[in-house]
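When the chains are written out, they are named A, B, C, D and E in that same order, and each has its own residue count from 1.
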Amino acid sequence: MLRITGGKVYDPLHGIDGQIRDICIHDGKVVDSVDGGRTIDASGMVVFPGGVDVHTHVAGGSINFARAMTPEDHRRTVAFIRSQTTRSGLGGMAPTTFATGYLYAGMGWTTVNEAAVPILSAKHTHEELRDVPIVDKSCCVLMANNEILLDLLEQGEMERARHLVAWQIWAAKAYGVKAVNPGGVAAWKWGNDAKQMAETVPGYTSLTPAKIVTGLAQIIDELGLPHPIHLHCNNLGAPGNISTTLETMKSLDGRRAHMAHLQYHSYGGDDWSTMRSEAPAMAEYFNQQKNLTCDAGAVLFGDTVTITADGPWQHLLYKLTGRKWGNLDVENETGCGIVPYTYRPSNLVNAVQWAVGLELLLLIDDPWRIFLTTDHPNGACFWRYPEIIQLLMCRDFRQECVTQLSEKARERVHLPDIDREYSRFEIAIITSAGPAKALGMPNKGHLGAGADADVVVYDEDEDIARMFGHPRYVIKGGEIVIEEGDIRATPEGREFLVQPSFDREIEDFLRPLFEETYTMSFENYPVEMHRIERPEISECIDVST
Amino acid sequence: MVLVDIRETKSVKASDIFLQIRPGKDFEVITILRALVKEQPVDESQVQETGLTLEQLQDFVDRMKKAKFGVFFFGMGLSMTRGKHMNSAALLTLAAELNAFTKFVAMPMRGHGNVTGADVIMRWQTGYPFAIQFGRGYPRYNPGEFSTVDLLVRGDVDAALILGADPGATMPQPAIDHLARIPTICLDPKVTHTSRLSRVHITTAATGISAPGTGYRMDEVPLPLRPALKSPYPTDEQVVRRIHEAVLKKPDWLQQGNRMALNQV
Amino acid sequence: MSLNIVNNATCTFCGCVCDDIELHADEERIIEAKKACVLGKAWFLNHTAERLYPEALIDGKEATVDEAVEFAAELLDAATTPLVYGMSNITCEAQREAVGLAERLGGVVDSHTSL
Amino acid sequence: MSQVTLRLKQTPDVPLEAENITPDVLSDLPHDEIRALKLQLGKRTFRIDEFFEVEGERSDQVELHGDLKRVKWLGRGMTRGRLVVHGDTGMHLGALMKGGEIDVHGSAGDWVGAEMKGGLIHVRGDAGGQVGAAYRGATVGMKNGTILIDGCAGLETGMRMKKGTIVVGGVVKDFGGLQMKGGNIVMLSGAEIRTGAWMVRGTIISMLPLKLLPTFRYSCDYNPGFLTLFARQLNRLGVSLPVSAAAGVYQLFSGDCSVPGKGEILVWQPH
Amino acid sequence: MAAKQFLLNPSRTAKQGAQINIGKDCPEYEAMVTTVTMNADDMKSLGVADGDSVRIRTEFGEAIFRLEVGRVPEGLLFVPYGPPTCKLMGGDTEGTGMPLSKGWEVEVEPVSGDAAAG
């Protein structure tokens, strides 16, 4: 039992905007009142619901490949020294699993959604997630380049496709479905890409990226997944790609979708030298599309390592940077590329990218539909979120940062003209309440009775980045995990899954196709339940209305 | 299929082209290929020392560029001969560079059943794939410094726990001699050469035969193990956990307090 | 006696890790390993559930697992830089334990990648 | 002249990590605090005086005596002063060094002056592998400074170095100047094989003929102008480089064209 | 008789791989890991025949092997890894972590029957 008294509470779901409230906790949940137990006097402090990361890459084959590729970064970063209660670890661009849990919890984030999991190596992802302590987890399975599914979509066999998608979600023990560069990654297996929404994907006769997107979005709505299609559009990172992104949004035709790392998809210009921000046009369109949510995928200047299932883009980035490059193909399902990268304010393209992320966050008017992410580790590492919060809350600081950009870059962006400053209430929405809602997790992102007792207590501090980077207390599931900057407990997190219904006969269809093309036994393909740490199966919902 | 080796092996029958190179010329051959891929000139007189002609190598490059999807498989003949990791690096670089023309990948042929699992797990837990030292309470990595043969030959370790390996029958003699000098503990389904130079041997169930769990294929795909037998012996997992639990009961050598090392050594 | 048949068994002898092996086993040994290669067959057919070896040896003398575990812990804890080596022919579950143990021991952990 | 003298009392059983033994750390400390400085032996920490006899205090002139083959990280990251070693040293001698001077009357282990940024290291015996190199994964090795090895040097000497000078008196093993990006390596007794492999820029000068990779091209014979200046610099360090056209000429090879790179290898041809 | 220079390549074979599962404490394994394959012409010039014993020496150690004629290139020897090759292998990895495990420069010297037995 625990009571947090006297704090200024920010609970956007219940419209609480800095009023003094007590938060009572019993048995891991927020309750109306408790008798006895510890009391935390939060007078003069700020109380938030635990952070929720809607899109991050913290576990699985690709981030683990990135770890292997960056020993030089591990050496220069902060090291976690083992203690009697904590494991050792390394922070940096691609933190180790234990460090990932400590770093997220250390800044008050208590739920993370691993955004890209191939079924074939989903066992790996879940094993790694088990070693990410403290936070609750979920993951999205990659689907938009799965060749068996693409064949069905091309043939218009929607019902069978729906059973297949449901089967695959359960096989991967996933929570949602991620589509990455629909059709493009499949084409990359032959060295090609798919850039136009209405053009046939190489290797198919009529299938287009648009058909993949709409087909999947429809199936996901029919299945009633709590989280809509998690969409990484085609043509990521390319100048002028706003047209592809808008086309994608239009093709959804009112269906639910979450647009991942929108920053990377909102560029104008014809080539690298003319690339510019199209954040205002994107925001203007997006503001009207109530069916959509998005996350920022914001960029911060500095070193990072980029990892994405978007193989063709990563090969291009490797050619542009001449740095290290790793590529993984995952049989018929997907692939991924890994390239270490440094974002520099002096670089025109990087400057535009930096501005676009912030511009989207500032120009999209409904904070319930855009969330704070950096597409970790692509735009920046997740442990730099407090820096973005500072940029959003403080116009003067932002303008000071703009002066780092070259004259030329400043002409390509709109940030200098934007005066909006986020309130704490809005920050609580984009870091917690909003993403929890978009993920369809009713017990996350708020502090009402029945919510999971994930609570962050900050000291008030004029230095916004310091305030949000160093919470005084972090409570996870009712347990104090961080106190005065020290890790006090490292409980295992839970994992959220969904189990959409499907016809078992789909296995009869799938098995021969699988056995013909895959290199493993069909029986060994699905993830067994015992691999999931503290599973919690979420209900599917009715989205027909 | 193109086979490259220093002698005719049984695989020659299965291959379309056999390139027999001279021993120890791997790095030279691959470096020439890298140059030819980029249409850079090479010194023809020196090419002959590889055992191949420029025509053969040029033909090889042309075929690779024309392939729709190429794969290099490589093994110990590359990584354990003169040049070692640089030979492997050369091949990986060649594969990367061929992607400017077509799709090409490279895959190491791993000898041991779950060496990939060890790589993968050490990476996610420590950031590094092997040769990791925890003496300062956090992971540090340096092959050549913290790798087993170096540690044993130089006498840099003062006890050893050997899990599912028989270094007593495979390592250089000076390394074996050091294992015999220090307290060595060995877990294996059989009594091995290493068991005989160990102070402690514990017999364990055989992986995947009588011990359940997971193994990683060399392309990093995890697979479940389905044991067919029930062993009278405990599994490695159980024994290591019990040793760990016994160690945890002893006073901790690490001074509590520092959680973070801001400057690593 | 009825045979225990295991389908889609996984062979961990070499890095290919084939997972389509059909095993036929009695109580003590695998009689048949269908679809396994020559190496896989040797692997499956020569590891049995028989008690062929003592459960533990200390300085060459038979001992119980309890005694061996205690003594092993003592030796490893007393060392300044203990080495945990091998790792490649054990399960991932055992590997995870081993990395944790090496960390607690303040030693070195290394696999067959280095030889 | 005040100086701090450390004499090794006993050879450690396993390597001793002594990153605290640098002029920077010792120069401001009184005698008893020097004695109490920490050394790392495997997982345990010890006081310096448990392994060394300590004389003197507060000096950036440091002298070490004994067989220090198992002592690692001497002079790590030092910025000033002088470290003289009478005996062999272990790995990472002067790694990440920024300034000052190290003089070893003996041999040194692997990674001498790895990723150093300035200063001078003189090893009078042999050195191990990776002299002035980049650590695993890093794209840049030595960034500046000078390393003199009187004896032989091991594998990958000057790997990915960007600037600075390495002079090796004895034979350099395989991959000297591997992936070099700049700077100079002087090989007074030549090298084994694969010299300059994958070099992008920089200069390797050899006094003896080299077995080069087929991806290096002979360009011309000449006596480059910059060598006169460079030889004068080296002369101050006690290294003489022939520059007289009367005595001979340098063969210039360029490569490594597999990268393709613009590195230069100069091989001395006496008349 | 004079010693001759060869390049020795320890390697793995399918037979040896199978045998290590059966057991290493038996004559079959012993025979495998002490059998070196040599080209027929090399045998002639060394003055030895199939089945003869030779002493193989590196700068690190020596061991006795039995010769077997095989289709291998001139100047090269092949042998499955095992305890005898351990004796020939140097431990210095030169900072790479990997000892040189193939392509050793060795001296091969015929031995008489008595020495072979010893």
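We adopt the following convention: a residue touches a chain if its C-beta (ideal position, glycine included) is under 8 Å from a C-beta of that chain, and two chains touch if they have at least 3 such contacts.
Every value quoted in this text rests on a predicted model; they were computed, and no experiment measured them.
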item	value
Other chains in touch with both subunit C and subunit D	A, B, E
Shortest contact path, subunit A to subunit B, counted in steps	1
Pair exhibiting more inter-chain C-beta contacts, B-E or C-E	B-E
Central chain (distance from its CA mean to the mean of all protein CA atoms)	B
Most remote chain, CA-based centroid, reference being subunit C	D
Taking each chain's C-alpha mean as its centre, the one farthest from subunit E	A
Gap in Å, rounded to a whole number, between the CA centres of subunit C and subunit B	18
Interchain centroid distance [CA atoms averaged], subunit A/subunit E, Å	57
Inter-centroid spacing, subunit E versus subunit D (mean Cα positions, whole Å)	39
Distance between chain centroids, defined by C-alpha means - subunit B, subunit D (Å)	30
Contacts with two or more other chains, residues of subunit B listed in rising order	82, 111, 119-120, 125-126, 129, 131, 134-137, 139, 141, 143-145, 147, 149, 152, 156-158, 170-171, 190, 214, 216-217, 221-224, 253-254
Residue numbers of subunit C (touch at least two other chains)	7-8, 10, 13-14, 19, 43, 47, 79-81, 92, 96, 100, 103-107, 114-115
Residue numbers of subunit A (touch at least two other chains)	71, 75, 82, 87-88, 127, 131, 520, 524
Every chain pair meeting the contact rule	A-B, A-C, A-D, B-C, B-D, B-E, C-D, C-E, D-E
Residue ranges of subunit E touching subunit D (in the complex, touch as defined)	94-96
Residue ranges of subunit B touching subunit E (in the complex, touch as defined)	6-8, 20, 23-24, 76-77, 79-82, 84-85, 111, 131, 143-145, 147, 149-150, 152-153, 166, 169-176, 190, 192-193
Residue ranges of subunit E touching subunit C (in the complex, touch as defined)	14, 17-19, 21-23, 97-99, 101
Subunit D partner contacts - residues on subunit B that touch it in the complex	27-28, 31-32, 34-35, 38, 40-44, 46-47, 82-83, 86, 134-136, 141-145, 155-158, 253-254, 265
Of all residues in subunit C, those that touch subunit B in their complex	4, 6-17, 19, 23, 25, 27-30, 43-44, 47-60, 65, 68-115
